[in-house]
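Across the two complexes that follow, chain A remains constant while its partner is chain B and subsequently chain C.
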Partner chain A sequence: MSLLSIKDLSVEYHTDAGVFRAVDQLSFSLEPGRSLGLVGESGCGKTTAMLALMRLLPDAGRIVDGEVLFDGVDLLQLSPAEMRTYRWGKISMVFQGAMNALNPVRTVGSQIGEALKLHKTVPRNEVSDEIDRLLEIVGVTAESKKQYPHQYSGGMRQRAMIAMALACRSQVIIADEPTTALDVMVQAQILDLLQQLQAELNLAVILVTHDLGVVAEVCDDVLVMYGGRMAEYADSDAVFNQPVHPYTRRLLAAFPNINDPRSELASIPGHPPPLNDLPPGCRFEPRCGVGGEKCARENPEIIEVAPGHYCRCLIARAEER
Partner chain B sequence: MMNEPMLKVENLRKLYPVSRGIIGKLMRQSQLCVHAVDGVSFDIPRGEILALVGESGSGKTTTGLCTLGLIEPTEGSIHLGGENLADLSGARQQKALRRKAQIIFQDPYESLNPRQTVFQAISEPLEVHHLASTRAEKIEKVTAALEDAGLKPPADFLHRYPQQLSGGQRQRVVIASALVLNPSYLVADEPVSMLDVSIRAEILNLLLSLRDEHNITMVYITHDLASAAYIADRVAVMYLGRIVEIGPAEAVLDDPRHPYTKALMSVIPVPNPRQRKKRIVLKGETPNPIDLPTGCRFHPRCPEAIPSCSKTGPKLKDLGDNHQAACLLLKDQLSEK
Partner chain C sequence: MDETKESFWRSFREKKVGVLGLAMLVFIILVAVLAPLIAPYDPNESVDATAADVLAPPSPEHILGQDEVGRDVLSLVIYGTRISLVVGFAASFIVILIGCVIGLIAGYFGGWVDTLLMRITDGILVIPALPLMLVIIAVAGRGIINIILVIGFLSWTYMARTVRSQVLSVKERQFVLRARAIGVSHFGIIVYHILPQVLPLIFASATLDVSYAILAEASLSFLGLGDPTMVSWGSTLNRAFMRGAVTNGAWWYLVPPGLALAWVTLSFAMLSNAVQEIINPRLRTHHLFDERKMVSLMHRITAPKIVDDAINEI
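And then the complex of A and B:
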């Protein structure tokens, strides 16, 4: 049994303008000590899927179908009080734009301490030592706990957010675009830290990003999302070296590689489909370029093109046969 | 005259005084300065693209803005198309400069006025510079600029508002409004960093085609060495207000000589797990540009530093093939041979 297993998760937003399905039948699983990269363009549903599994969706969001199994327990069936012991206790999230997620008028140490006290992770008299320990793990000196967020650099704030995510001894960490606003060198430091935590604490890590390079550097498995659905899901080597879905292939062709700087980059024409106007067949068909007539009509099912390598594409199925 | 570089920057320095506050003034504390750019020289031949690469605070944007005359340098000279920017003091001369030197900013969501249509946004520069006398002429020029920027058919876009456009289309509108004046020099400041990966390539390819078709000289400012490698003829790597390495793109990327460039190269994420390599992750962060390290500015974080690095500031050293780097170790390596 996997530590975390998502089955057929579907999420809808109910707004004045209508009902939009932002995530459609998403499934994946995660083992301790492994990392999954969730990749896709803006609006593909990757953040919505993560908020859904944390049960932190905004009011308009509804989980309409699926299971989120943590150690066999379906988180979607828990009462709000029961869910609180899992949220941050078992699964934590480092939000996008961590710069703004810290309270500006309280010291960083006291904000980490609050999480510790609320979840009673350690006895009250050990809270101060625990804050020091957590900050040390993420590479921030203990003296800095008395400082306010504005005295921290971007990289340090991100480290503090990771310390907070670790505060309740979570087994799964979801990092949503954790390095997007950071300089490359600081990005490398944070990625190193996440990899080190994954190995030392046997954490399961989900890295949500649009940066294929970051995923290739640190993730064991990759799930490519498009228009709210899984497009391709396999281990990193397969996705980057034997991509099957045309979207994955085109995404890779659009991404500059420093080892091969002069190979021509080809952007993907058009843009992702708006959720209120999804194409009737395959969602990538209008931008695909290699699809056939059938792709515009027929909805592709998920197929296993190789052991552990999943893809939602009609052409891939034709190629396989 | 044709061999003269389009842009010649010599020993450019830009210091920003830091406010001492009233107590500091009363106590007569000495004036502190942020050394944003500190002794930068380079030139760009006509039709060439130079990438200025560096992390936040390296002075790359300040350098770019100085070359447009948008910021007055503290020291040093800038010649654009043979003219010294410092001599262009009159309003008329300034206006002439604006016509030939343009900039594209990072965020196409903020650089367009939400209440202006595409036509209004692109025709405004024409009005400012009195370049179109009739409405028909204006439409013709705006249409041509939209086509050059790859927004086809132009008629579809003329009357749209920015919120009706995607990020890539907005950035193309920004580019069109720079192109409508037919500039000979363009500064592109992180033009793709706000865009989705799938459309970055089209903007980079557009900039390349503008250079090829209109012979526009460009400075491409970025923190992303991989995109710099793709677009630029030459690359200058900046650290704390100085150029630490400059040369032809292939030379700098295939054979980086400065320890900072080597480290930067090693941490660029490569989209292939089989090409994972040892990352040279530098400790700490770029020091405060007010209180600069002595000697080589990179020495406190340099994995290869030797004791003399904290004393002597290295000068750019010629490595042949137009490739230069500023590192004391390079001299040592050469003299050993």
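And then the complex of A and C:
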């Protein structure tokens, strides 16, 4: 059994403007020591899916279907109190933009200590030493724990967030765009740190990003999302070398090729579908360009094009046959 | 926080009005604390008054004259400082307490809790406060504790609304979500993560509440519902009116308590204004705009319409 397995997770936002199906029948699984890259355009449901599995959706968000199994326990069936021990105790999160995720009026150390005290990870009198240890693991000097977030650099803040995510010995870490708003050098350092920690602590990591370069560098598996749905799901090798879904192909084509700097960058014309007014057939059909008329009518099912390589596309099925 | 505090003081020192208000406030607090040392006479001591002492005008022995039973008016005003400040601070403490709790709960939890609490707040907000205070004091009795409670329990509405609106914005910040993810309870999030962000606003609005409470106490006392056992500015004014200070032209009996009230209210208002200007970004004009330019812009926008209306009227 996998450490974490998500089955048919669907999330809707019920607002005055209507019902938005932000995540539709998303499934994936995660083993210890492996990392999954969750890729897609802005607004395709990546963050919503992650918040849903942590059960941290805003009031308007509702999980309408699915299971989130952690070691066989369905997190969606737990009482709020039980869920609180799983959150951060088993699954923790590195948030998008560390500046906003740290309380500006409290020291960084006290905010890391908050997690330690709440989950009673270490005895109360050892909390201070544990904060020092955690900060040193992520490469921040222990003296900086008495400083406030605004005294930290962007990279240090993100390191502190990682230290916080490690605090309660979680087995799964969700990193929601951990490197956005960081410069390239710091980005590389943070990714190295994540990779190194993953190997040392045998962590399972979900990396949410729209940066394919980051995914290629760090992740074992890749899940490409489009319009709230899985488009393609396989190990990195397969996705980058034998992409099946037209969306993945065009996404990769839109990525600059370092070996051929003069080749033209291909963008994908059009916009992702509005989530309250989805097309009846395949969600990518309006922008696809290679699909037939069947694609506009028929909703594609998930198919396994190769062992462990899943895809939601009618053309892919035709090719396979 | 140290840096925030430091920058606060730096901005505060630039606001001359605020510094003056603070100085005036410190002065009046010193007067209240040191009243027995400063006051030339003890107003609670019985006086062997002769006919010459009744409403006597200012003299070297009595700088601000004497009242209808021969007491020293200056001493009355100095001792009155104590009651005014005690009522002011105690009542605004109640205001802060109730206003904060209601504002924090309503803003944080939202939904029906918010609706219920805000309708109650609105209900109290629309009742004219002074008549209600008069009725309650008349029924409950004229003690200083009653006065403090009544003022406190009837004036927390603005505080609650201000705190709520700030909470609505703070609770959407990501560190609140992070705290929830870590497993911090609702209580912990409110106390450790939201309250510190709202505190400056509470401080700014509390300074105005203090002067409101002092004025409310003076109004009650002036209308004859103050604590009869204590000397306050309101009760001094009340007696001055009742015992013919006006008809006898005894201005020295009327003016000093009135001026003292104005002094305290003004100092709090100036202080509060300066603090709010620093804290509330909306009162601060955008750095690209010159204040004078803003004014001239406003004229350009509004003037023609007013002129048009006036012409149409005619």
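Basically, the second predicted complex is superposed on the first by the 320 of 321 C-alpha atoms of A that agree within 3 Å, B and C clash if a C-alpha of one lies under 4 Å from a C-alpha of the other, contacts with A are read in each partner's own complex, and residues count from 1 in each chain.
Simple rule for what comes next: a residue touches a chain if its C-beta (ideal position, glycine included) is under 8 Å from a C-beta of that chain, and two chains touch if they have at least 3 such contacts.
The structure displayed is predicted, hence computed values, not measured ones.
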- Query: Do chain B and chain C fit side by side on chain A after the overlay, or clash?
  - Reply: fit
- chain B or chain C, by number of chain A residues touched: B
- Examine A:Arg250 and indicate which partner it touches, taking first as chain B and second as chain C; both and neither are also allowed. first
- Could you give the angle made at the Cα centre of chain A by the lines to the Cα centres of chain B and chain C, to the nearest 10°? 80
- Query: For A:Ala188, is the partner it touches chain B (first), chain C (second), both, or none of the two (neither)?
  - Reply: first
- In the overlaid three-chain picture, find the nearest pair of C-alpha atoms across chain B and chain C and give that distance in Å. 10
- Within their complex, chain A touches chain C through residues 54, 56, 59, 84-85, 87-89, 92-93, 95-97, 100-106, 114-115, 118-119, 148, 150, 164
- Message: Quick check: in the complex, which residue numbers of chain B touch chain A?
- Response: 55-56, 166, 168, 196-202, 204-205, 223-227, 229-230, 249-250, 253, 263-265, 267-276, 279, 281-282, 285-286
- Residue numbers on chain A that touch chain B, as the complex places them: 41-42, 153, 155, 183-189, 192, 210-217, 236-237, 240-241, 250-252, 254-259, 261-262, 265-269, 271
- chain C - residues contacting chain A, complex: 1, 3-4, 110-111, 173-175, 177-184, 188, 192-193, 196-197
